[in-house]
Amino acid sequence: MRVDNRERDELRPLIIKRHFTKYAPGSVLVETGNTKVICTASIEETVPPHIKNTGEGWLTAEYSLLPGSTPIRAPRESVKGKLTGRTHEIQRLIGRSLRSIINLALLKERTIWIDCDVIQADGGTRTAAITGSYVALMDAVQWLMSKNLIKENPLLNSIAAVSVGIVNDVVLLDLCYAEDAAAQVDMNIVMTGNGKFIEIQGTGEEYTFNDEQLAEMLKMAKKGIREITEIQKKTREIND
Amino acid sequence: MRVDNRERDELRPLIIKRHFTKYAPGSVLVETGNTKVICTASIEETVPPHIKNTGEGWLTAEYSLLPGSTPIRAPRESVKGKLTGRTHEIQRLIGRSLRSIINLALLKERTIWIDCDVIQADGGTRTAAITGSYVALMDAVQWLMSKNLIKENPLLNSIAAVSVGIVNDVVLLDLCYAEDAAAQVDMNIVMTGNGKFIEIQGTGEEYTFNDEQLAEMLKMAKKGIREITEIQKKTREIND
Amino acid sequence: MRVDNRERDELRPLIIKRHFTKYAPGSVLVETGNTKVICTASIEETVPPHIKNTGEGWLTAEYSLLPGSTPIRAPRESVKGKLTGRTHEIQRLIGRSLRSIINLALLKERTIWIDCDVIQADGGTRTAAITGSYVALMDAVQWLMSKNLIKENPLLNSIAAVSVGIVNDVVLLDLCYAEDAAAQVDMNIVMTGNGKFIEIQGTGEEYTFNDEQLAEMLKMAKKGIREITEIQKKTREIND
Amino acid sequence: MRVDNRERDELRPLIIKRHFTKYAPGSVLVETGNTKVICTASIEETVPPHIKNTGEGWLTAEYSLLPGSTPIRAPRESVKGKLTGRTHEIQRLIGRSLRSIINLALLKERTIWIDCDVIQADGGTRTAAITGSYVALMDAVQWLMSKNLIKENPLLNSIAAVSVGIVNDVVLLDLCYAEDAAAQVDMNIVMTGNGKFIEIQGTGEEYTFNDEQLAEMLKMAKKGIREITEIQKKTREIND
Amino acid sequence: MRVDNRERDELRPLIIKRHFTKYAPGSVLVETGNTKVICTASIEETVPPHIKNTGEGWLTAEYSLLPGSTPIRAPRESVKGKLTGRTHEIQRLIGRSLRSIINLALLKERTIWIDCDVIQADGGTRTAAITGSYVALMDAVQWLMSKNLIKENPLLNSIAAVSVGIVNDVVLLDLCYAEDAAAQVDMNIVMTGNGKFIEIQGTGEEYTFNDEQLAEMLKMAKKGIREITEIQKKTREIND
Amino acid sequence: MRVDNRERDELRPLIIKRHFTKYAPGSVLVETGNTKVICTASIEETVPPHIKNTGEGWLTAEYSLLPGSTPIRAPRESVKGKLTGRTHEIQRLIGRSLRSIINLALLKERTIWIDCDVIQADGGTRTAAITGSYVALMDAVQWLMSKNLIKENPLLNSIAAVSVGIVNDVVLLDLCYAEDAAAQVDMNIVMTGNGKFIEIQGTGEEYTFNDEQLAEMLKMAKKGIREITEIQKKTREIND
């Protein structure tokens, strides 16, 4: 049995609130258990230098832990004057994942900024950020279409993410912080709504894993992604 | 009549939610009209070098706008690698104000970190941050007392803040962003619950003001502070 | 009686030397007691991006303590790689104050840089910097007019600044460092030559103040500003 | 057929030169095709603050591209003043991978620094860096044992890394830069010498992949790792 | 004839004012023609980590151009967040030169900070800085002795510096900015009061020079150094 | 006799390998005794802002020690976020020296980047870097001519550099690290192939030197430069 009495292959309760704040065209509060992340999608009518004059758009993501989001206060990166390696890694993952399901040519020369700010951290913040950002992105795209700024929907697919891992030699779905800290293997999976892989990142923490364990983790991740995708769909219907 | 139909000396609706997140001992969401700020108070069992071995504690504040909090996305200071002058100015104001109502000797050698993160910005974020941080600080102090880490309450007074200003030659209380952007004079007032001044910061924006205007602004600010102090008191009673 | 035998409402001796250095169009050494600040006004024929193509000009200020200006050497900010919050706050105050008395449209698309470098610090450096910078600015404007670069004088008013404060429950004018360090309330006032307020910044240092104390401080500040304004006027007549 | 006429599952020629430079206890030049990386292992008799007084050691890795290593000169990160996200990601991967096969307790309170500096870049620099660093690490450990600084060999296993990917819907082993730039899926695999996974990082580049493709990539990676492990073993026997 | 009507081997008028500011134990304003530099020597009762517990002291120098010191305003290095290569080079030269004439063991575990801040720049600022800093250093040492903090004078020699150069194929002493900008060779010489070399830095600016030219430059530099040394001596006698 | 049994005026074995790496148009490994430096010359088809639209080109140099190049690991400057003063000084010397023998107008509006990365450091890295960079520069120029990007050879002369110094009162040529660390005087000389000076940088390390010692050092340096120039010439003939 797990610290929060879940089954091995059971997700934490997932709640996605749309229109959480009012100025960004997409704004979502995603909660998975005790992890809470604000995901906003903002639009800027320019693109970075490397794609200027290509006629294409761009999507980029930034991620941050609010200092008060963790039991031991997390120092503010703006005060230290630089991002940690962890932050770099996470925001690159979020941006890369979302770019894989959007047709940037249809977006035209504008940038979508995805901002993921964790207000409460209990493990799985990067996967929650991807899951929630997709919904914020969808709303920002709708806003662009409603303003006639773009005509065709550039989103090719839905996307969701979940963690799996091995703790005490047992494969678990959607690790909370206590499980993550004790994990022998930690794996984050990003998939499309129709069951294709976008990203697999698995790491043995002073531990190695074999084919059978990998297969079990992938299977469990797929189950989780299917359930998350369902909740994303319902969120869209219900909240508007 | 004002953009939001308020009277000249009328505050925006003020809502203070305690226990907004669960890891920081003090965590408040303060909403004044469309401005929303998360204020947390975290405790660290060390002090900065300049007061080590004095037996006293320290309180310091940090402030940030989430990128998605404004109609035009605010660039993340951690990415630029340094704080703007505006951020420095605001967080120094918050820290200085709160230090003026706490007996740091009673706190003993520990630091209280106040973090004010604006999730929606419609003017008055710095005064809302002070108003909300006081409540978060109060909860952190209670937590310290409940754990027997300190015996005597180090808080000497309550504290609240509000803005006043002159727009089109008219004195107004609690300016929203549209009013602030058009203001001839912008003034932030921090006062104790029993009506003493802690801080007065008034600035003519390509404009000057005279004694009568100053007197009217101060009077209106006092009225606002009295009302805010009442709401702070009720918050404390109701929320627990 | 005060540490330097002044009356409560007596300014320190104020000396303003124009043409202190020869390359900047405005260059002033301002001395108030033992505080000495070099204020230069330099002209650059461009403007910052945010006002390009508006036809207007810009004025900005920077402030620094030379390392050897204080009894305990002040670390050089260029070596630390960033400005302290105190420096940010002071240079924003200087720039904002001077911008309030200049018609930037008449300046046309050029920038006036005000540089205030403290060579000896005994309290009141920010107010001395404003008082001296106004004279440097006046000289730079005259230089622009003598070169026919602008036709109309863009200065709308004169400007001066002074500190007041409460020390041992007594209101004092123009605090030196020893008084400032012991102050219960520290207030900086910026006013025009004709007696209007531009900026009021008053702070209780672990202390609060009431209406009567505020009124007394403002009255004393006005007296000081009147005297400083007279000295600024004479400086102009005498030095050329 | 591939750009360099290899079979789909054929590694590029792999050469590992030990003792490439003389001051670091481990120093390797690893060449895989046109990719060339200097990997050194240096020893420092201290540990970072977070493991001081634990009795354990530490291993950390840094990675850099020499500016002249690429057809278009790569700007020097020391001049820009910060590491790119890509560099952070790579050096975290190298460090994490090597830490998974070393018993840090046996190392005692000292740090092994792994430095991977790419002098010629033709794709696969991060996997070459891991493969080469393992050999440099082995030499540094031998040096520690030969000096009697440690008694027991802390290395638990050998480690090697290789890339696989999908290009034009075909799975390929050990991608060169031209293939990598065109890849639909890019995957880096780190494994132990006895065939266990340490790290899997697979990314669809505006593309998704399914179970069959994943299985084929993993199988091909294992073949590559087996061959690399053989070459690592021979290097050790031959070079001394 | 030169731009300022000097002979080829004639120094600019050199004025050294001691006790220029009052808080640093050594404070000098050195003027050579239109170049003016404030040199202070401050004392700190600690040493940098690399000489802690050696019983020896340290001397270090910092150099800066005030923004208003040049005809075109010099951007402030604290705002750019880093020192230019030129600044690094100059302050290393000043520090190294002064360390060569002081017995750091006699200084005991304290640091002398030399700060050279140029308030007006017309060429030769680095040599003026060395010439002036020696006098400030001498005063700081006297202060230490007068306070009985050290017993023996640690200064081994006097030190002075001057520039020579080749302009239009003619060797000149003590170049002003206009000459320096047109120089084919620029050379800075630091010597002791008794005629020994401490530092020679000569650079052809898209030009080369031969033995005869080198000999002539060195001869002229020696003449200049002798004269500067005399002025340093007189300064000491007169000013006290 | 010297640590490596050389005569006082004997160079260390000097080996210059051209075409060391394949992507930069000029790429040299220069070895002088145990010092080994990779020097690459890369070409970029733009120029820095200050010479845009002048029709001229630019040449700039960067220098770095690989962390594993020294017996005690050298911290990576990209991680510290800034260059040391030593690095600034060296790369300015390399760039200035090479610019003195190239006609930048003939280069047209492009930049040559010289990168000197030390892979093994045993003293004399800056002079080896200049000696090797000249050969890399020559190859890059040839590449430009072979591509018809420039028609006339912009190189005006060859260039080489060597160190001399005084150790135990004896003048020595080409100091290795052990000698350099013990040197009383350390001097770096840069000369053209036909015996003219480009740069002289001599420093007494807590020591002074006289005319005779200077003369002897210069004579020995010339001998060394002549021999190095011969080896540069042969390298060119042999390696192609």
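Per-chain numbering from 1; labels A, B, C, D, E and F assigned in written order.
The criterion applied here is as follows: a residue touches a chain if its C-beta (ideal position, glycine included) is under 8 Å from a C-beta of that chain, and two chains touch if they have at least 3 such contacts.
Note that this is a predicted model, so its numbers are computed, not measured.
Visitor: Of the pairs A-B, A-D or C-E, which one shares over half of its contact pairs with E-F?
Guide: The chain pair with the recurring interface is A-D.
Visitor: Farthest from chain E by Cα centre, which chain is it? Let me know.
Guide: That would be chain A.
Visitor: Please compute the C-alpha centroid of chain B, do the same for chain D, then give the distance between them in whole Å.
Guide: About 50 Å separates the centre of chain B from that of chain D.
Visitor: In whole angstrom, what separates the CA-based centres of chain D and chain F?
Guide: Averaging C-alpha atoms per chain gives centres 32 Å apart.
Visitor: Hey, how far is the Cα centre of chain C from the one of chain D, in Å?
Guide: Result: the chain centres lie 59 Å from each other.
Visitor: Could you check chain B for residues that touch two or more other chains and list them?
Guide: In chain B, residues 81-83 touch at least two other chains, as defined above.
Visitor: Name the shape of the chain contact graph, picking from line, ring, star, complete and other.
Guide: Chain contacts: single closed ring, each chain with exactly two partners.
Visitor: Could you spell out the chains in ring order, with the walk beginning at chain B and its first step landing on chain C?
Guide: Chains encountered around the ring, chain B first and chain C next: B, C, E, F, D, A.
Visitor: Provide the residue numbers of chain B that touch chain A in the complex, in ascending order.
Guide: 21-24, 27, 34, 36, 38, 40-42, 44, 62, 64, 66-71, 73, 76-83, 87, 113, 115, 117, 119-121
Visitor: Taking the complex as given, what residues does chain D use to touch chain A?
Guide: Going through chain D, the ones touching chain A are 82-83, 85-86, 88-89, 91-92, 96, 99-100, 157, 187, 191-192, 195-211, 214, 218.
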